[in-house]
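Sharing a structure below in structure tokens format, with a few things to ask.
In order of appearance the chains are A, B, C and D, and numbering begins at 1 in each one.
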Amino acid sequence: MKRSIALISTGGTIEKTYDELRGVLSNQVSVLDIMLASLELRGVDIQRVQLMNKDSLDMSPEDHTLIAQIATRLAEAHAGVVVVHGTDRLAVSGERVVELAGTPASPIVLTGAIRPYELRSTDALQNLTEALLAVQLLPAGVYVAMHNQVLQFPGVIKDRNAGTFVKEP
Amino acid sequence: MKRSIALISTGGTIEKTYDELRGVLSNQVSVLDIMLASLELRGVDIQRVQLMNKDSLDMSPEDHTLIAQIATRLAEAHAGVVVVHGTDRLAVSGERVVELAGTPASPIVLTGAIRPYELRSTDALQNLTEALLAVQLLPAGVYVAMHNQVLQFPGVIKDRNAGTFVKEP
Amino acid sequence: MKRSIALISTGGTIEKTYDELRGVLSNQVSVLDIMLASLELRGVDIQRVQLMNKDSLDMSPEDHTLIAQIATRLAEAHAGVVVVHGTDRLAVSGERVVELAGTPASPIVLTGAIRPYELRSTDALQNLTEALLAVQLLPAGVYVAMHNQVLQFPGVIKDRNAGTFVKEP
Amino acid sequence: MKRSIALISTGGTIEKTYDELRGVLSNQVSVLDIMLASLELRGVDIQRVQLMNKDSLDMSPEDHTLIAQIATRLAEAHAGVVVVHGTDRLAVSGERVVELAGTPASPIVLTGAIRPYELRSTDALQNLTEALLAVQLLPAGVYVAMHNQVLQFPGVIKDRNAGTFVKEP
């Protein structure tokens, strides 16, 4: 039987698409549904929640609080929650959930990407795949799943030079 | 710190490549290293064990026993084992491990694919990604990880029509 | 103004798709429309003619004659004709057109592929792109366009070892 | 026998790559060699000339003149010249060749792309394929080959809304 999972999208690099007229990558339309359609999903039954579509560098403190509140609330109604998020401020939202909820009712797994799905070479599908599996295997808690690694909040930070997440020393 | 994982390849659809002269897909060279190079692997330190390169329909009982013995032995020396295997007889090798070892020293995760990595549209990378994450999160035991789902042996069979694995009724 | 071009598909490697149940590549459904949708076509207005879907090794003499007759007839009604064909017997159909029609009313360009479009790495899009451009630039005659090269019939043969076409010595 | 072709790269959207740290697409390293390696080139023997790597919106009048002079000069030494160029100012360089050289010694074919090669969905390979075939089939002159269409200078302009080139009305 499939687990019911809420999938909250907030934007970030993973969802950026190419604007031909301006020649830039930006958060305009969500490509998450295209990514999901390319995966074979037998373990989860996904409820999509399109919350915002922002580069996380443009998120306000209110945005992070909103994401944390919605994720916490949905963790009560579902067997788990996946949050797709820009990596620059992903840890801010992750810590906010812990501050608000301590241990949520079910696992909340954040993920994102260093290279947009739109690119020929990207970590987007790998990370989404990992988040959608980790949310089934982990106990209740707040995590980032990305680059073949699961780290638990609090105490996770982005290592900008390595382009990934690490535990605070 | 990265977990030390043994990755045993045995062939199967996931590793089939295209033979231009004969115009068919077959198990001749392994494309597993190319798949691994396309993933960002921060959680595991992989030791590759190229055991055989066979369509699992061509595996003998001795082949299955050999795979099970090697996997069980490597589970003692590593934090986990991933076995890449043809899906048609994957469950035979999975059950053989349980018969031989009961619960191995660390998790043994089998995976494969319905569509070769060589194809434009394939489940190979998804399944390999899942196996390489699941092996870090699961307790000791024998599993198949594929199509966003982890199932534990004994009692797993291939549903040929659905093209995936299910628990025996 | 776009040129009106007839595009005859007959099957061959270029159109082979993967049969998950049998685990083989075969000519069952045509992927030509998917290929066409991935190209930006400003120069031609295409009329699709789905004539047959066969590995050219399975074509009978009647098949080759039928292809040649239809191509010759469509060359009168259009500014050019492209024929997608298995490479093994592509030259047989090309020579047949010359035997039947000498110089057709407009250019007839045959093409195919050594590696199916379904593969991650394929010459299918390159060859289709070339045929759809060559048919606009060439004078009336019968040609193969493939692998960055245009050769005129009669006197073209497949070099099986090189996996491409050459002029007879 | 292969034709000797000079391939001048000047940058533009077609060659833009993704900068993970800054999260933008820019002209830093050339991906043209990777594109060339993915094509099967039997008709041309390419001499690469890496002239500059600029978004064409950043080109000065001197840049356009330099490109035109080098292309004209190389057209004397080779059977043809392909110029990879940003589309925004591609027509400026094309017209400059006509002003300087009238009809060059061999065909000069300019091309570019609306979507970078780095993207999952791109017109880069189609356009490069077309330029490398057109340069073999066209008489001496100055052209743009892109989107299944060949247009001859003078009198070619970019239609920004359509994202392609058209003849001046």
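Everything below uses one rule, namely that contacts are C-beta pairs under 8 Å (C-beta built on N, C-alpha and C of every residue); 3 or more make two chains touch, one makes a residue touch a chain.
Only a predicted model underlies this, so the values are computations on that prediction, with no experimental measurement involved.
**Q** In terms of CA centroid distance, which chain is the most far removed from chain C?
**A** The chain farthest from chain C, judged by C-alpha centres, is A.
**Q** Report the inter-centroid distance (CA atoms only) between chain B and chain C in whole Å.
**A** Inter-chain centre distance comes to 40 Å.
**Q** Roughly how many whole angstrom separate the Cα centroids of chain B and chain D?
**A** Chain centroid spacing, chain B to chain D, equals 46 Å.
**Q** I'd like to verify one number: the distance from the centre of chain A to the centre of chain B, where each centre is the average of its C-alpha atoms, in whole angstrom.
**A** The computed centroid separation for chain A versus chain B comes out at 27 Å.
**Q** On chain C, where are the residues touching two or more other chains?
**A** Where chain C meets two or more other chains at a single residue, that happens at 121.
**Q** Which chains touch which?
**A** A-B, A-D, B-C, C-D
**Q** Flag every residue of chain C that touches chain B in the complex, lowest number first.
**A** Against chain B, chain C makes touches at 13, 18, 20-21, 23-25, 55, 114-122, 160, 163.
**Q** For the complex, give me every residue of chain B touching chain A.
**A** Within the complex, chain B contacts chain A at residues 38-44, 121, 123, 125-126, 129-130, 132-134, 136-138, 145, 147-150, 164.
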